[in-house]
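Presented below are the structures under discussion, each in the form of structure tokens.
The two complexes that follow have subunit A in common; it is paired with subunit B in the first and with subunit C in the second.
Up next, the complex of A and B:
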């Protein structure tokens, strides 16, 4: 079994193009989704003129109140320069009652930030005009603020399904969806090596050797798991240490979920391999089917976008939707292992069943 | 040592191998000769335990291998008809892989690999990827991969198909050396009768899934002892002429080969005058005329009315 595994590894080492391309695609996808390597949550604010310090202080508090974005006071030249050089997507120049967005980008995060800034300024304008007519301005401000904090009517930007829409959430979601997608490609290609080696007669040669059939399947399947997980791990490490992608505080739990996803996907790929007779056919079908699974599962869309029960059911048959649930819960809501038990169990269930059927089908397909 | 008893294989309704009885003794080299599609590969797949027979049995030293294939696998080296190697790995890496799956002891593996590479004459190319090799070189590594565990019995399935004459001679010479120096028992499959004639002590001739003749070469050739093989070179080939020659009473078989007619006729029957007359009628000149020593090819022609290459 070990020599069979090592031969697969040796092939990969001689020919790492696919691995490198898929890792590069994951990273490139992330750069595109997040608009660069800049940590997306920090936005420079500054003011010019005599009153600048007071203005900056006032708006810094107001803007940072109740926001996932982080507004940091900085010096005007630095802020402008980093926007010009593309290090930051935007900066905001403040005056007493108004602001200007400085940007050269049309990334969605700019719009999200602008929307927040505008609503803060509008609210402040309303409060100040009310205060101007009031006899007891201090009391009124407290009243208004508590009223806003507990509104009678509230308008929110929300998705079709009613969940709260947040640009930041969407990006994390896309990053994971893309990473899982590229991993699904890798896993499928490597599981398909079973078919390939059968066609080339290597499988028969191994059968004649003292290696057992169980050993052979174990070697191919463990290898597919190994290389799939290595790919995901490399991508995650790049995200975490080189790109400052926000991955939450539970990196260990994240990796556990990703490992279980990898196992589950290896099984599904084995099942698909068993359903297809020829390796060429697999190469034709797999790459066209796989990208559809995250779409059906809604991995590229705001949660709740897909409401068609048939699509939802099909999506749930694949591990990717469960993996996304667990990953997003961990990253965005600091979920613990207990909180993500259900998606993990689903993935394990899918994995065990597909593996059982898959290996039997692959075995039966051989003469 | 190995014998097959009424060995048969059906795929769906198609009988591909039918009632084949064969045996192989220790140290022998046996040829399995037959045209493409005769059922040679299917037969050796059953002998090597890769394929279950539809009926019949394969025995190693009197024990059936069908229930318990591990005994035969231990003593067997099989060189498949198609190149079964990792094209993306080097020759050395491939041999190392096969050595490992055959559990060659670690301390001997390196020596065996080098020794085997030397045997197939590719020691200086061991660091090169298989996919950069010529057809003949791939074939040699394909054979080398089956030798690392030093099998007692070597089964080779058409190991010289589609390669240059030089590689072919190299391979034949190599197999002969294995037999002579190591006493390896050899089962050699081919549709080239010259190879089988050169290499094998005994021959089975297969056609349409059945063994149609077997024995040592002289035994097989004696099938033709009641017949003459005559080769007639014509100024140009004339199919109507060939047809009429075949219609002559003593003539058994006629084969057209370029502008030469190969005629098998009853021994000492005088057909020469008839030939001259027929050639005249068809306005064809006879350029050359000779009696030839029969070959296994002629035996096949005699038995089936076809050539091996049909």
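Up next, the complex of A and C:
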């Protein structure tokens, strides 16, 4: 078993390109995407006709006040063009007291942005009408604004235990999502080595050698596990020590969960390998299936976005959703081993079942 | 020449089950994603979610109002003539009742179920996930609030909102309550500054929505977006599917035998390119027709729209075929098949990501969006979106020409890279 394992390691050492590319991809992907999503969504605002500048200036300040969205003054043609070509979902045309949402889609974020714009305009309408009755509008405006700035009715937000309910940290979630995604690729490609060595005749030569069948499978599977885990470990260490990302106090527990995920994913990859005949077919199917799993599991979205029971069920069939649950609980809510037992058990269950079926299929399939 | 095309199609036929899976899979994913995502938002763009909020009222508003009313009439600071008005307005609109009424009003009640509970019940139900969040109105809230407002005491009471952990649902509930509070605060701000505003007299903004599409029916929903973007993405995958098969033909020495035969070398490349084009066309047609039949994404569109869709599909399939040709030549030159396959998968994933096929393109940083516009799939996606909205040929011919040029260039490069006799690895 050990020589088979070492032989694969030697292959990896000779062509380390893929390992390096995938490690780079998980770090770069996370940096690019979090850079993109952390920055507030920009929404173009513009006004047509006379006094457009004054109107734009007035609403730009009001709209950007206390908002997670960023409203940017833009010229009408550019704004319309980017909506037209699908680069932006909406733009807003302003008039003195009213607005028009210019959009081409019914995407959820349009409704979110419109709600904010509407509330700003309504508040302004109320204030304006109050000012109209006043003899000293300037003074009254500052008075009202300061009263709004120090609201009477306030709400204190906390978690059940009384701690601060932290704003959701999408960055940490994306770090894990991308790390797991690239690890799935690596694991898949390495499990595929079984098929590849079969078609090249290597497998047959091993069967003739004193190596046992169990030893052969164990070697391939432990190697896939080993290399997948090494990749995850390197990425995690890069994030923790070079990029100083806060990964919680329980790094050990994190690694346990990641190791179990790796095992579980190796099994799923074995199952998929068992379903195809040739290594090339694996290359055709695997990369189109894998990127969809995190999407369906909701790994790229804020928890709770996906509520459809069918989709949740499909997501639960793959280890990604369970791993994400456990990892986020550990990093964000300081979960202990007991708290994450359930996702861990689910991953082990998925792992054991698909490994059982997978190895059987691989063994029966003749090339 | 056609023999080579036949050979490639036969090779695919040999693995028909797997090829069928690759062709059908995108359709399945589009249907699943559209149904689940659009399930969240019904036709009127309203949130179609079921949220629940536990409301804990420990406050005794009636008693508090009585106490405050008494204090106001005793107070020496407030002018006598205002007192009656003040007491009246407090009694007619007690703050806690306004808040609970607003929470249970039909507009909000449709998607947030509010139930009044004791604190213990509320904590339990939030803890075990039965409810999304809870709002506590602490005891003495009305009294403190009113005396802060009218009697000038220092203590400002606070409502307390708690949830187990942050999530999409909790955010919605939180924002809803915040919205109600903002409105109430605005009213208090106005009344503190001594202004009376008759809400019915105010001209509120109308806030119209203008669709940029030629026709209002052509606004794009999430299912249509998925159909177009996933369709483009999966057809793009076809390029690497074909290219990775070169490994197979090298291993089975098909390629060596072809080289030994008298066939002109480019015929091999021709076969690959044409086979890719045919499969890509087949797949894109299946995706568009399939999602139209299942999800009705292109309902009520003219013949003109369909022919445009066909034209775009042809041009895009050609571009994918060009890409496949390029990859074929490269993979004939690279010794280690693993490296080639890995690299192709990587390139396709990169194209898919920056071309906006996985995520809407505006999520990406600006500079990446600019690069993404030059990928064949990014180009095609934006052409498809424009065609979907406008059905205007003048808008799409330029990008389509660019795509065609891309195809021609890739084919030329692939012919240049195609190994000469003796160079085959």
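Things worth noting here:
Going forward, the second predicted complex is superposed on the first by the 230 of 367 C-alpha atoms of A that agree within 3 Å, B and C clash if a C-alpha of one lies under 4 Å from a C-alpha of the other, contacts with A are read in each partner's own complex, and residues count from 1 in each chain.
The rule is simple: a residue touches a chain if its C-beta (ideal position, glycine included) is under 8 Å from a C-beta of that chain, and two chains touch if they have at least 3 such contacts.
Here the structure is a predicted model, which is why all the values come from computation and not from measurement.
Contacts of A:7 after superposition: subunit B is touched, whereas subunit C is not reached. With both structures placed on the common chain, the touch criterion links A:207 to subunit B but leaves subunit C unconnected.
In the overlay built on the shared chain, the residue A:307 is in contact with subunit C alone; subunit B does not reach it.
In the superposition on chain A, contact of A:123 is made with subunit C only, not with subunit B. Here subunit B and subunit C are compared by how many residues of subunit A each touches, and C touches more. In the superposition on chain A, A:359 makes contact with neither subunit B nor subunit C.
When the shared chain is aligned, no partner comes close enough to touch A:113: not subunit B, not subunit C. In the superposition on chain A, A:15 makes contact with both subunit B and subunit C. When the two complexes are laid over each other on chain A, subunit A has residues 15, 200 in contact with both subunit B and subunit C. Contact residues of subunit A toward subunit B in the complex are 2-4, 6-7, 10-11, 14-15, 200-202, 204-211, 367.
Residue ranges on subunit C touching subunit A, taken from their complex, read 15, 18, 21-22, 25-26, 29, 32-33, 35-36, 39-41, 45, 47, 49, 95, 99, 123, 126-127, 135, 145, 148-149, 156, 158-171, 174, 177-179, 181-182, 184-186, 188-190, 192-193, 195, 197, 199, 201-213, 218-222, 225, 234, 237, 240-241, 244-245, 247-248, 251, 336, 338-339, 341-343, 345-346, 348-349, 352-353, 356, 358-365, 368-369, 381-382, 385-386, 389-390. For subunit A in complex with subunit C, the residues that touch the partner chain are 15, 17-18, 21, 25, 29, 32-33, 35-37, 39, 41, 80, 83-89, 93, 97-108, 110-111, 114, 117-119, 121-123, 125-127, 129-130, 133-134, 140, 143-144, 147-148, 151-160, 162, 165-168, 185, 189, 199-200, 276-281, 283-285, 287-289, 291-292, 295-296, 300-308, 310-311, 314, 332-333.
Partner subunit A is touched in their complex by these residues of subunit B: 48-51, 70, 73-74, 76, 78, 80, 82-86, 88-89, 93, 97-98, 100-103, 129, 145-146.
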